[in-house]
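Chains: A, B, C, D, E and F, in written order; residue numbering restarts at 1 for each.
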Amino acid sequence: MKFGILVKDGPYMHQAMDTAYNFIVAAMEAGHEITGVFFYNDGVYNRCSAMEPPRDERNIMKILSELELKGVKMIVCVAAGKRRGVVDTTVCDAKEISGLGQLLELCIVSDRMITF
Amino acid sequence: MLHIIKKSPYETNALNDSINYLMENDIVLLIEDAVYTVKKGGKFEDTVKGILQNNKVYCLEADIKARGISEGEIVENVKLIDYKGFVEKVCEQNPVTWP
Amino acid sequence: MSEQEKTKVMFICRTAPYGVAFEQEAIEAMVMFGAYEQDVSVAFLDDGVFSLKKGQDPSLLGKKNFSKTYEILKDDFDISNIYVEKESLEERGLSEGDLAAEVEILDRNALRQRMNEMKALLSF
Amino acid sequence: MLHIIKKSPYETNALNDSINYLMENDIVLLIEDAVYTVKKGGKFEDTVKGILQNNKVYCLEADIKARGISEGEIVENVKLIDYKGFVEKVCEQNPVTWP
Amino acid sequence: MSEQEKTKVMFICRTAPYGVAFEQEAIEAMVMFGAYEQDVSVAFLDDGVFSLKKGQDPSLLGKKNFSKTYEILKDDFDISNIYVEKESLEERGLSEGDLAAEVEILDRNALRQRMNEMKALLSF
Amino acid sequence: MKFGILVKDGPYMHQAMDTAYNFIVAAMEAGHEITGVFFYNDGVYNRCSAMEPPRDERNIMKILSELELKGVKMIVCVAAGKRRGVVDTTVCDAKEISGLGQLLELCIVSDRMITF
């Protein structure tokens, strides 16, 4: 099946990103396709490049980038990001920044859309 | 539909709000702080039993173990699933999240 | 595009405006979705119904008033349906006359059916 | 103490949790989404009247007007204050926030 | 520093751990405050009492278990008092035997009095 | 009176920072002193320098910086900031970054401590 993921909360304070991450890993292991992860609202904070948690703590930006290397598309909403200061210069990869049309695209091409 | 609930029922009304929307064959999936719902002896034991009369209730195992609730402390007939099971449930039913 | 090919998406708005400001960004998404000619619905339930309350003046908080936007969304931006849940209104002491926009009042049972027909449910 | 409540009582239990902590002379200050508490005809009208029997209830005017609740829609004896009044209440009593 | 000069600060912890992760940063603050020899108290009420539940294993979520930290805070980091509210425990089906750390169980009335004596109340 | 302010929520999504701002302005107009604003938890996001909301919207970072020009001390928690990527290079003023000792200091020197 094809899963589209919507993440609306920021990292660390809320568990949403952790749950979404574990879901994505399990879905891929089971042979499903992740059509993309759309970061909206405070979710855009998950892609801040300057994250530097203590060494014994997970770095959420990095574990997401590892997923990206495995082919998972990450999309940071440009409007939500601009408002909050997650822009070209502060996001981990400027190419991830895109518009809300991408969220609709996920709704269209995915069999299931899941809000975290 | 697969109703995904994330918040503690002691803190927010998301659980009650979602119960209003349960249809026949719908599934309730409790994740994150919502897993406190199924603790025996807690205020929501009867609520869970009520849901179970018509619908299945699943609970994310990692979340409930993380919070120190052992299997013996969980209301009967609530089923534990791992993230793989979570994925399977989403395949079975269209998910709606009650944040 | 034929009706059959359109993707059915519903925005589920359960949050009161201003305290937690999902509303503005949810609307930005609705506007964009409308432009792509899909079958987009919006449902207000629980505290979300407060978004439609008449007489809002958030300029006092330096914020914008979106309560009248919803009619425009429907008329000019190709949003198919805007629903507000009857039971949520009643519990909050609100009735049709308290609403700033003309939207369809549905009871829980009917709204539940509509939700069940969707392909994607986005919660705000 | 000055009990500052921010969340809608329809959404979270912060209001009820704070009521448990009211002492004689304590003040309740409703701000942000908590102002929905004082709407006449709403589910919490009686709760407000109950608090008013022993304690004063203030409501931040900008928040209640922003949300479209007019003075006629507010439970009797609830007092509206502006931010200046908010500051004065904090001077009178030590604040505790129920987030 | 004499007892009279110490600033009385209380951390009020009302949030369950992990779902919304105030706990870790609240503890970081407690540790720092303890180091400065003030009169620091910590109160667990409402869902905050779940932070003290025995048997937690958040490694499953890639997170740390702080439930046993509180005793250490008291013994080694000069936190004066750690309270947990009796009524909140009961409502959640928990009793003294369910707690991972030895803390003082107070009823609401007694905790209310302690809160009233504080100079600063920090809510988490 | 002397007021210390603790802000725990980020900008835009939560009203906490707006309420705190209005409180601070009213307190200063009434002749009170603000001993400092401590940004903790997601509150650190309020000081992201790259915030760029639409022109007809308030820029929370900027209105806070205006308060700073009027003498209000802003303190961004170093640990909370690092975890989230609000660091020297992404915060509006690196001098604002400091430790939790500053929060205790506010508790000590202020007549009232208010959590937003």
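Simple rule for what comes next: a contact is a pair of C-beta atoms (placed from the backbone, for glycine too) under 8 Å apart; a residue touches a chain by one contact, two chains touch by 3 or more.
This structure is a prediction, so every number in the text was calculated from the model and none was measured.
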item	value
Minimal step count in the chain contact network, subunit B to subunit E	1
Angle, in degrees to the nearest 5, of the Cα rotation that carries subunit C onto subunit E	180
Approximate Å spacing (C-alpha centroids) for the pair subunit A, subunit D	38
Averaged-CA centre spacing for the pair subunit E and subunit D, given as whole angstrom	27
Whole-Å gap separating subunit B and subunit D, where each centre is the average of the chain's CA atoms	33
Where subunit E touches two or more other chains, by residue	18-20, 22, 46, 61, 63, 119, 121, 123
Residue list for subunit A, restricted to those that touch at least two other chains	8, 12-13, 15, 41, 57, 113, 115
Multi-chain contact sites of subunit D, meaning residues that touch two or more partners	6, 10-11, 13, 32-33, 62, 94-95, 97, 99
Each pair of chains that touches, named by its two labels	A-B, A-C, A-E, A-F, B-C, B-D, B-E, C-D, C-F, D-E, D-F, E-F
Residues of subunit C touching subunit D in the complex	15-20, 46-47, 50, 53-61, 63, 67, 91-94, 100
Subunit A-touching residues of subunit C, taken from the complex the two chains share	7, 9, 22, 25, 28-29, 32-33, 36, 38, 119-124
Residue ranges of subunit C touching subunit B (in the complex, touch as defined)	12, 14, 45-46, 87, 108, 112, 115-116, 118-119, 121, 123
Residues on subunit E engaged by subunit A in the complex (per definition of touch)	18-22, 61-64
Residue ranges of subunit D in contact with subunit F within the complex	4, 6, 31-33, 60, 62, 82-84, 86-88, 90-91, 94-95, 97, 99
